[in-house]
Amino acid sequence: MEQLLILWESTSLPHFDYKQIIMMFVGFGLLYLAIVRKFEPLLLLPIGFGAILTNIPLAGFSEAGGLLHYIYEVGVSTGVFPLLIFMGVGAMTDFSALIANPRMLLLGAAAQFGIFATLFGAILLNGLPWFEFTLQDASAIAIIGGADGPTAIFLASKLAPDLLGAIAVAAYSYMALVPIIQPPIMRALTTPEERKLPMAQLRVVTKKEKILFPLAVLVLTLILLPAATPLVGMFCFGNLLKECGVVDRLSNTAQNELINIVTIFLGLAVGSRLSADKFLTAETLGILALGAVAFSIGTASGVIMAKIMNRFSKDNINPLIGAAGVSAVPMAARVVNKVGLEANPHNFLLMHAMGPNVAGVLGSAVAAGILLALVGP
Amino acid sequence: MEQLLILWESTSLPHFDYKQIIMMFVGFGLLYLAIVRKFEPLLLLPIGFGAILTNIPLAGFSEAGGLLHYIYEVGVSTGVFPLLIFMGVGAMTDFSALIANPRMLLLGAAAQFGIFATLFGAILLNGLPWFEFTLQDASAIAIIGGADGPTAIFLASKLAPDLLGAIAVAAYSYMALVPIIQPPIMRALTTPEERKLPMAQLRVVTKKEKILFPLAVLVLTLILLPAATPLVGMFCFGNLLKECGVVDRLSNTAQNELINIVTIFLGLAVGSRLSADKFLTAETLGILALGAVAFSIGTASGVIMAKIMNRFSKDNINPLIGAAGVSAVPMAARVVNKVGLEANPHNFLLMHAMGPNVAGVLGSAVAAGILLALVGP
Amino acid sequence: MEQLLILWESTSLPHFDYKQIIMMFVGFGLLYLAIVRKFEPLLLLPIGFGAILTNIPLAGFSEAGGLLHYIYEVGVSTGVFPLLIFMGVGAMTDFSALIANPRMLLLGAAAQFGIFATLFGAILLNGLPWFEFTLQDASAIAIIGGADGPTAIFLASKLAPDLLGAIAVAAYSYMALVPIIQPPIMRALTTPEERKLPMAQLRVVTKKEKILFPLAVLVLTLILLPAATPLVGMFCFGNLLKECGVVDRLSNTAQNELINIVTIFLGLAVGSRLSADKFLTAETLGILALGAVAFSIGTASGVIMAKIMNRFSKDNINPLIGAAGVSAVPMAARVVNKVGLEANPHNFLLMHAMGPNVAGVLGSAVAAGILLALVGP
Amino acid sequence: MDTQMTDQLIEAGVLLAVGMSVVFAFLTLLIAAIHAIAWFCRAFPSAEIESPKSHQKKVSNNTSSTSVRPQIAAAITAAVHTHRHTTLRN
Amino acid sequence: MDTQMTDQLIEAGVLLAVGMSVVFAFLTLLIAAIHAIAWFCRAFPSAEIESPKSHQKKVSNNTSSTSVRPQIAAAITAAVHTHRHTTLRN
Amino acid sequence: MDTQMTDQLIEAGVLLAVGMSVVFAFLTLLIAAIHAIAWFCRAFPSAEIESPKSHQKKVSNNTSSTSVRPQIAAAITAAVHTHRHTTLRN
């Protein structure tokens, strides 16, 4: 009889809190989005699974001695995993389109307006009784507008670790929603004639330029914005591994096995932050709302900047490509291409949109550095 | 002269304990089994090498600051390495045969009788003056009957860390000995007619079923047996990575590079537990004996259960496939196939035996969870 | 206004120390050597990048909480990374040429004279006012003459952690300079007739011999020089993984993904030791000078030993192959082949030089073990 | 046989009974779950998640299985091309 | 609207102004840098680092991309060979 | 030259003598060991461990070298098939 009681006590049934059950459904929801809807599955699937595991009573995944606890402490609270992901993304990124047309950097800059504008939104939400975002919280939330997962996780781990789970989920969800969020904004801000604009073919970029580019980015960053060097530095390191041509072994490993291993662990660790007390709060709703705002403003800013540049440029600049400035590589560029083809079936904007697209990665890493420098601990 | 003395003192010769020499021969014996006899070489080769290294005087591999000490502390005493191996095994496992014929799970359940029956053996051994197994020790030893390496290592690291080396060596050795241990038991318990029984072809399983299966296992486990979720959860995670079809990058890495890296480290770390004071004891002999008992009982239980099921089933169930319920994937299933072909050269049982075979993995993970819940710390 | 001041304070400009700027130029210089001159790029590129990152003011890469700090503490100060590299190198090394002609080991032994002779040089430098090398420092510096990167890093991490950066840079730089340093010495010590000497073809080596070889090396080391077992043991482990033929999965991973991942981290971590206070010292100049001396003496000793052996051998021994005894695999063997072809365009010495070449790896690991045993902590 | 061992044997007996019951109960429930899944999949057959191409973003899949195809394609093209020329010349 | 929020909003405004200025300044400098690089590469075109084969030492590159080619080559040879025989026979 | 340096130089001399002796002794013993191994392998030539296929269990080897072959085979089949059709049409 006593044994039966112990057995009953060793099931989850007498220990379940309804909030944990809700969080497990959130986890299953993320798995659904990842598998069926194909929303950024590489991250959302491990995040969803981690969310389920961390909310199991008695299993202790995220308590001292638990698997997810170790992974989180080793890789996320130190900031190591997002930086390694960034290195791998750097080793996968081709900057040719940007080097051939460097003005595209201005579009990547303009799209960061979404980040800084969202700070206001977060503070205004504080007017409502359910919210109490500090400026650090607001900054970590606003970076969702940068549409860059590892940047968001890195900044959140430094500025607002308690919000990390919700911020990461929001960031990856909105990145996956780019094909739904961006087109209406792009169409609203452009005329059909603008969307039809063809662009001049890009020049060929030499290998030497591609090698010198990450070094130039590194030098500018270390002089002007050293707080951004962890992110930008590792990104440039990865890109240099790829472009230098003498360490293909390391470049291949950085963009395949290493990033895959780290992605599995990072996803599980982020998922382990989706505990009921941290996620089932008004803040999470606020974060989701603010993320959407940040994303939309960033898209609009990029398009508007592109319209302005088109007016003052002697070469055509199709305003649609401004939307790619939010990053979300290469999804945003593909969306630009698709909306462009709707207006003009012979106008392939993909390569032209890759310039602002990768510029957006740099732009949001720089924005993260500014926030770290000005409101960081 | 003094220098010569220092030199002499810096060789192993004046420091050798005869027990260390014996342990090195044990290590070389494991290398022999791995390389020449091809006994589970992926684990036994690193274990054997680790056993040699850890017994070298003055080298300090397993003392504070030594390589094997770090690896053990990071990966085995935390339980991280066996869980990652389990994730990788999950990503390699195809549950089609089981989903097509779910009754096979009963065979995987019956074979766990070997585990629980062995508890008696361990306690009876305490009647002899050389043994003093606690119930925790007995449980960690009994899990050898589960014929699953990472499960045995994980449970031993939690319940009986001092016996971990011997338990791991016994588990992998007996898994390698499946083709020798099982056939006599299988033949003794079945008639030639039974061994000739053909089985109906398995139906095709849809991708959706394969995706939902690991999730169903996870849900049942987290509700009924949360203590088993570290093992079962990571196994299901790996299987979901494989089956979902949207994260092939991660699935490939989990079943190749990541599991290979962890296997190297796990093997070395387990080998580092083969020190003289822990291995050259009567307990080790007891563990080897009990392991063989557990294995044999498990095999017999599986076969007997299959005979019972065959009697009450309208479709034929060849009793041989019950032997595959101990797990030892895919060796046990191959042995079933071989013994079946001896009786009927046209009767290929391999696919039918895969069902109980993978059911055995789940069964022993569940048994480990029960032991953790009821006798765990 | 205050914000602008904060912004100014958050750039590197008011925080730069001129020494940091010099060190960054050192880092860019290493990148130049790696990318343009192709000097051991697999290590020098990450080292150079790490050197730049670690000298960025405010970024804190090598301070508590910084990425490079974590990597260094986890992998280099524990000695784990060089040992894993050595395992991978073992898994890449083919000892056939040495097993076919075991006398070549004497050339690998002779070339270690460069290491021990350099101890005198380091102590004599102490006569100058700028140097104060301890015997431990001198030993760590002298190992540069072993022409083996991971051995040098491992020994330096144990004997002289403060000099690790300079020693690693010197070791890899001189390994890359083998084609420039060695040929003049080789030509000065040999006559054209000697350089033309053809050598007898090597016999075929069986698989069994190749499996037993690493075990024999391990046994000799663990008996006679246990202090060398971390290095030699992991090297033999890697080689056994390769040769045994039953764990190709593990062997492939050890010589590809695992060594690549560790190389990236090891390079960055070594680079993080190139801080101004540790590198911009007279010691560094001394280390560079002594490294060149060690290398040259090692080369000369190998050639002279080969001349002596040629005199007493019934088979021809081309004295050039003695130069390969310093290790620097396979660069030194290629240089031997090239210099040999200059003298006799039909005389391919590459395979013959591989014997002393791999013998040199063992020789310097043994020398490192001796230094650890006699002057170690 | 002393008392302690008797106690331990009783405990082991309880473990055996409880353990095998739970193992059987658990795996029997799993049988039911598999039947339920099979029923569900027959009831709601969706082609949705059967699409072979996954929309992997941001990280191009450079694993051998995918990266080989273009190479093979190019090689085949070249081979067939070469071959046709060869056969034409013959 | 209380004072604290006003303060925060002012702070956010400053952050917006400073942040966007720095982002634009930074990326504008980067535009200049790219132009400088392009000028430098036109001024000093070097074939030196364009050599396709890297002198990788000590570590042979066993990645799939390189190891596949010989296999494919062999396969193609075999295929064409087989095919020719087949067509000859037909 | 002060006493300390003289002491250190003597110590270095001892290290040199001892070190080179040990290195030579060690590697000479290794020469003997290699000869012993060669003798052993000639004396007991076993075909046992020469079998090319390793019995790898539980972990299927999905490395590129093995997984490529079926793909190539399929591709070749397709290519030859296509080609034959093409040539037939021509």
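Which chain is which? They are A, B, C, D, E and F, in the order written, and residues in each are numbered from 1.
Operating definition for what follows: contacts are C-beta pairs under 8 Å (C-beta built on N, C-alpha and C of every residue); 3 or more make two chains touch, one makes a residue touch a chain.
Everything numeric in this text was worked out from a predicted model, so none of it was measured.
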Pair exhibiting more inter-chain C-beta contacts, A-E or A-C: A-E
Farthest-lying chain, centroid of Cα atoms versus that of chain B: E
Distance between the centres, which are taken as Cα means, of chain D and chain A, whole angstrom: 30
Centre-of-Cα separation between chain F and chain A, whole angstrom: 43
Gap in Å, rounded to a whole number, between the CA centres of chain E and chain D: 34
Chain B residues counted as touching two or more neighbouring chains: 3, 7, 35, 38, 41-42, 211, 224-225, 245-247, 249, 252, 256-257, 374
Set of chain D residues in contact with two or more other chains: 18, 22, 49, 54-56, 59, 63-65, 68, 72, 76, 79, 83, 87
Residue ranges of chain B in contact with chain D within the complex: 98-99, 102-103, 105-106, 108-109, 112-113, 115-117, 119-120, 123-124, 126-127, 135, 138-139, 206-209, 211-213, 216-217, 219-221, 224-225, 245-249, 252, 359, 362-363, 366-367, 370-371, 374-375
Chain C-touching residues of chain F, taken from the complex the two chains share: 1, 5, 8-9, 11-13, 15-16, 18-20, 22-31, 33-38, 40-41, 45-46, 49-50, 52, 54-56, 59, 61, 63
Touching residues on chain C, where the partner in the complex is chain A: 3, 6-7, 10-13, 15, 24, 28, 31, 34-35, 38, 41-42, 45-46, 49, 52-53, 56-59, 61, 65-67, 70, 256-257, 260-261, 263-264, 268
List of chain B residues in touch with chain A within their complex: 78-80, 83, 211, 215, 218, 222-227, 229-230, 233-234, 237, 240-241, 244-247, 249-250, 252-254, 257-258, 373-374
